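In the two assemblies presented below, subunit A is common to both, partnered first by subunit B and then by subunit C.
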Partner chain A sequence: MDPVRFLRYVNGLVFYLVLVAIAVVFLFPFFWVVFTSLQFPETASQVPPELLFTPTLDNFREVFSEGGFFICLWNSVVVVILTLLVNLLVSLPSAYVIARNRQRWMMFLILFLQMAPWITLLLPWYVIFKNLGLYDTRLGLVLSNLTFMIPFTIWLMLGFFEDVPVEVEEAAWLDGCSQIGTFIRIVVPLVKGGIITICTLGFMICWNIFLFPLVLSGYHTKTLPVFVYGFLADNQLDFGPLSAAALLTTLPVIIFVLINQKYFKGGIAFGGSK
Partner chain B sequence: MAKVRIENVVKRFDQQEAVKQFSLDIDDSEFIVLVGPSGCGKTTLLRMVAGLEKVSEGEIFIDDVRVTHAPPKKRDIAMVFQNYALYPHMTVYNNLAFSLKLRKFSKQEIREKVTQSAEMLGLAELLDRHPNQLSGGQKQRVALGRAIVRDPKLFLFDEPLSNLDAKLRVSMRAEILDIHHRLNSTAIYVTHDQMEAMTMGTRIVVMKDGSIQQHGTPQEIYNRPVNKFVGGFIGSPAMNLISCTVEAEGDSVYICSDLFRLLLPASKAKCLNAAEEENIYVGIRPETLYFVEKQDPANKTESFQVDVKLVEPLGAEQLIHFTMAGTTMVARLDPHIPIRYRDRITLGVKMTEIQLFNHQTEKNIEDC
Partner chain C sequence: MTDTHRTEQASDYISRLEPDSRMESLLDLIDRNIRWLFSLPAILVMLLLFAYPLAQLIWTSFTNTTLSSVEAPKFVGLANYIRAFTQDTHFWDSFFLTLYYAVGATIGQLLLGLVLALFLNKQFKGEAVFRMLIMFPLIATPVAMSLVWSLLMNPMMGHLNYYLSLIGIGPSLWAADTKTVMPTLIGLEIWHHAPMAMLVLLAGLRSLPREPFEAARVDGASRLRIFFHVTLPLLKPYIFLLLLLRIIHSLKVFDKIFVISGGGPNRASETLNITIYQQAFGSMDYGYASVLSVIMLLLILMISFSIFRFRERQWRY
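So, the complex of A and B:
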């Protein structure tokens, strides 16, 4: 075989082997959760694990029958959707104004304020939310999510808005469109990729967030990650139901990302170039 | 159709004046071209007329209605941008229809107007495409169509042909003029290309450093530039400009350089005497130079000899480059004259057609 071709073949083989190894490392925990969720309790915690087993849906039945799964699911859905909606309503116009007025220093200020570790915010928030009657409310959870979602969204969307040519907006003004109308009918459709990226990332982050709901939610507003945590809090560790609950919590995110991955990949690259 | 009146308009960016005391009256159906080098303020002025730029001082009227601070949508104007500014997410049809939808036209009316404009511009088969599926020329026609469909009082063009290749530019120029004549509309057209300005405008406004240098018909500006800048800017190839000394000998006045001593005609000499110039700038257009078969040794006051540095055969003419007083000059000659590099040839000058500019003020001396 020609040495150059052989070298190219070896390079390709090594490249794909490395990719497979990385994929295994990242995907192994997920597949472990899937397998464990389908196993009986006796086999779930076995070491080494059994690769061939009779699957069961008992763990899922236990999760559904455990008090609160559907309430927690509903809480997660409501909090995430409200967070995303309010985030878009606040962040998109903000990013647009910063972009058009070339006030990038504002962006640095917003990001600078976010540099404090989130955990330092929890105690003050707990006290404030308790006093304002926001503790154990979905509104409180939405507000806590917005404190990081808004700066992140503005930062990501800034590049998208800066890439919309001003002349396109000016053409709309001359055609008779108001400034708000131009923003809604012309500018927003042109940054659709960025919006879908933000919604996808936002969904992932807000759906999975654990620390804020753990401290700021109570019996009525627990979200799914806190519900899953409940399986760890008891004296014994039920790997089967724990894995089933974790899988059920993860599935919506996986589906959402798979549906939007075309925009997600492009959006990250595009926004990141600024 | 609309009359436009621009009165003492000034535009400042911080302390810098981009447009200085600009005043101009534009009649119904005029096609005014604003021409000048980059940074002269022509686009800034156009944008102030459009309402896209705030006016620092002065007033703008359209049909005697003050629009100085009115928003763009209230001025009933349409603009064609240099980079087309089409709506990328809309089809050609929707690009054309957008302004009509905003004005609450019925679907039927919109369809009729869009179809009519599309047919006028050869876009009928492109209505379902998006801008990224169009060529540069097609995009520019869509931009034009978007302006036409609104039937505005005033058209504004901001260097619409700059991004097109030379051949397309020529054909689009003709198309724009054809539409202007058909619609009988008033238009303000901005360009840095003096050839475009000369071929398109009923009137040209030459600008420099935010001020009007001269305005008039293309022929007026070409034949009688008011200053050295206008003389050198308008015309292709550019006017030859050389610094000469003035010598008086009795009643005769001569202009002298390293290569010639030319007798001025009386009509030009009278302004020169009055000004008591010692040095002047002489403007000689390439076509006012002619080939002399053999120089008359007794009469060297109307011709001179030059060494050819470059010959550019253009088919219908040839351009001969030579140097005088350290300046490269160009002569436009008959293509059948056999001239080669390094030939020594004799050139005559049509002295009644040269321009004379004051050495200090650079103004045309004949405007005395």
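So, the complex of A and C:
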């Protein structure tokens, strides 16, 4: 082998070695949580860990038998889906109007709304929600999620709506389509990419949110992140079941985002993540 | 196409132009006021969930409201504010811890993200798979991953110290020691969000024009010079955007700190967020928690606007 080719070969090898090192750093907890959740409870927390072991599903069985798990899973699913639907109904028309009329002050207002720390809103909400009977209801959680979903959606959709040429709409009006009809039949299908982006990122943010349900959900409406936190408080050092619970909590969102990978990357590159 | 057909079409078209039923006049009304009707729902929701609660928060900050007492709250003027700034010795600690955390995490994410983006800014086999894998920390539920990290970093039974000892790094107490807890939490936040910085900067690098680089190379500039004098200035809008987004986000981080250290040990990691939560839902001192919230809101606004003022180029909107 001549030296130039050899050097190039070494160069490539080093590059891939560094890649593997980076991947190991970022993925280490994921490997570990899968590994630990499959171990028997007795060996899960032993140092040094047993790398060759017979896997078991005991830990998952224990999480399922906890009772609360499936209720919390259902709560999470319902709250996320409702939030995404209501959010689209409310935000899309409004983003459309802002984009078409170039209401710049609205854009700055939206930017400001995205800055407000969640805990600042949470204090008054807690009192207001208790008074209105929204505390410990799924509706309350949906409303709380909407406060960040609406500004975020409008912010991201503005660009998509501005890319729709006005000529397309004018053509529809000339053909006798009403404004509302034009919006639903012509404009919305054209911004489908933006809508999927919103739903992908929205699913991730709403599924992962912890602070709102921690305070606003009671016994009946706990979501999975609150469940997993409670599980930690109850089984401080039970490594096996804890990792199983953590894995089960985060698996749905990882799968969902991986399915819509393309849109996720577009949304993140735009700067949209809480 | 027959003539009758054409006439039918025409009359159909005319009937559509004349709103003859009540339904159509309603649609017409909606159409004419669409600008307001379309934004109404969003404005209503934001008023109810943002403006009113914010007003109530500011009002509460001037009262002695508690969650536990049944008496009506009394107006106490600036007493809560005076308490925060002069009496509460922990207030300034938590104020500076918040800044420390946010600045440390933001700079760390930007630097690591930049290094990764420069390293990955070429085509290689398995690129798509690798970029997908590196996104995992960003996607995963923070509470679940915090739980995993807190198990890993357990000083007695955690495996992190064991694995690190394999590559020659000595044991640490991580979140269990007052000295190491903040760097640990900041490191975790960097682990969580550096992939995002990388993705934004990589998108930036890929969109840069080629001419300046070629010109610099023709002029015989070294790679280091090209980086500092061509790449970095061109990347500025992306870095600015990231800086703004990441610092605002980092100031607001709650879940990771809450799950891993809970503000401890000995309040060494109690940022404003955690203090507010403890004051409101632990000590039930709502008035005081509201003051801290107002201060935190102002802090975030101040930082955001000062970053805005320093920006050099107008980015989108």
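Assume the second predicted complex is superposed on the first by the 239 of 274 C-alpha atoms of A that agree within 3 Å, B and C clash if a C-alpha of one lies under 4 Å from a C-alpha of the other, contacts with A are read in each partner's own complex, and residues count from 1 in each chain.
Throughout what follows, a residue touches a chain if its C-beta (ideal position, glycine included) is under 8 Å from a C-beta of that chain, and two chains touch if they have at least 3 such contacts.
Since this is a predicted model, take the numbers as computed values, not measurements.
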**Request:** Applying the touch criterion given at the start, work out whether A:Asn11 contacts subunit B, subunit C, both or neither, answering first, second, both or neither.
**Result:** neither
**Item:** Per-residue touch tally on subunit A - higher for subunit B or for subunit C
**Value:** C
**Message:** Going by the contact rule set out at the top, does A:Ile186 touch subunit B (first), subunit C (second), both, or neither?
**Reply:** first
**Prompt:** Between subunit B (first) and subunit C (second), which does A:Pro48 come into contact with in this model arrangement: first, second, both, or neither?
**Reply:** second
**Request:** Classify the contacts of A:Ser178 with the two partner chains as first (subunit B alone), second (subunit C alone), both, or neither.
**Result:** both
**Request:** Please indicate which partner A:Leu237 is in contact with in the superposed arrangement: first for subunit B, second for subunit C, both, or neither.
**Result:** second
**Request:** Once the structures are superposed on A, label A:Pro165 by its partner contacts, choosing first (subunit B), second (subunit C), both or neither.
**Result:** first
**Request:** Return the residues of subunit A at which the contacts from subunit B and from subunit C coincide.
**Result:** 176, 178
**Message:** Looking at the complex, which residues from subunit A come into contact with subunit C?
**Reply:** 15, 18-19, 22-23, 25-30, 32-33, 36, 45-49, 89-91, 93-94, 96-98, 101, 104, 106-107, 111-121, 123-128, 143-144, 146-147, 150-151, 154, 158-159, 176, 178-180, 183, 204, 207-208, 210-211, 215, 224-225, 228-229, 232, 237, 239, 242-243, 245-247, 249-250, 253-254, 257-258, 261, 264-265, 268-269, 271, 273-274
**Message:** Touching residues of subunit B toward subunit A in the complex: what are they?
**Reply:** 50-52, 71-73, 77-79, 81, 83, 85-89, 98-99, 102-103, 146, 150
**Message:** Per the contact definition, I'd like the list of subunit C residues that touch subunit A in the complex.
**Reply:** 13, 16-17, 27-28, 30-31, 34-35, 37-39, 41-43, 45-46, 49-50, 52-54, 56-57, 60, 116, 119, 124, 130-145, 147-152, 154, 157, 159, 162-163, 191, 195-196, 199-200, 203, 241-242, 245, 248-249, 251-252, 254-255, 258-259, 273, 276-277, 280-281, 286, 289-290, 293-294, 296-297, 300-301, 304, 316-317
**Item:** Residues of subunit A defined as touching subunit B within the complex
**Value:** 165, 167-168, 170-178, 181, 186, 189-190, 192
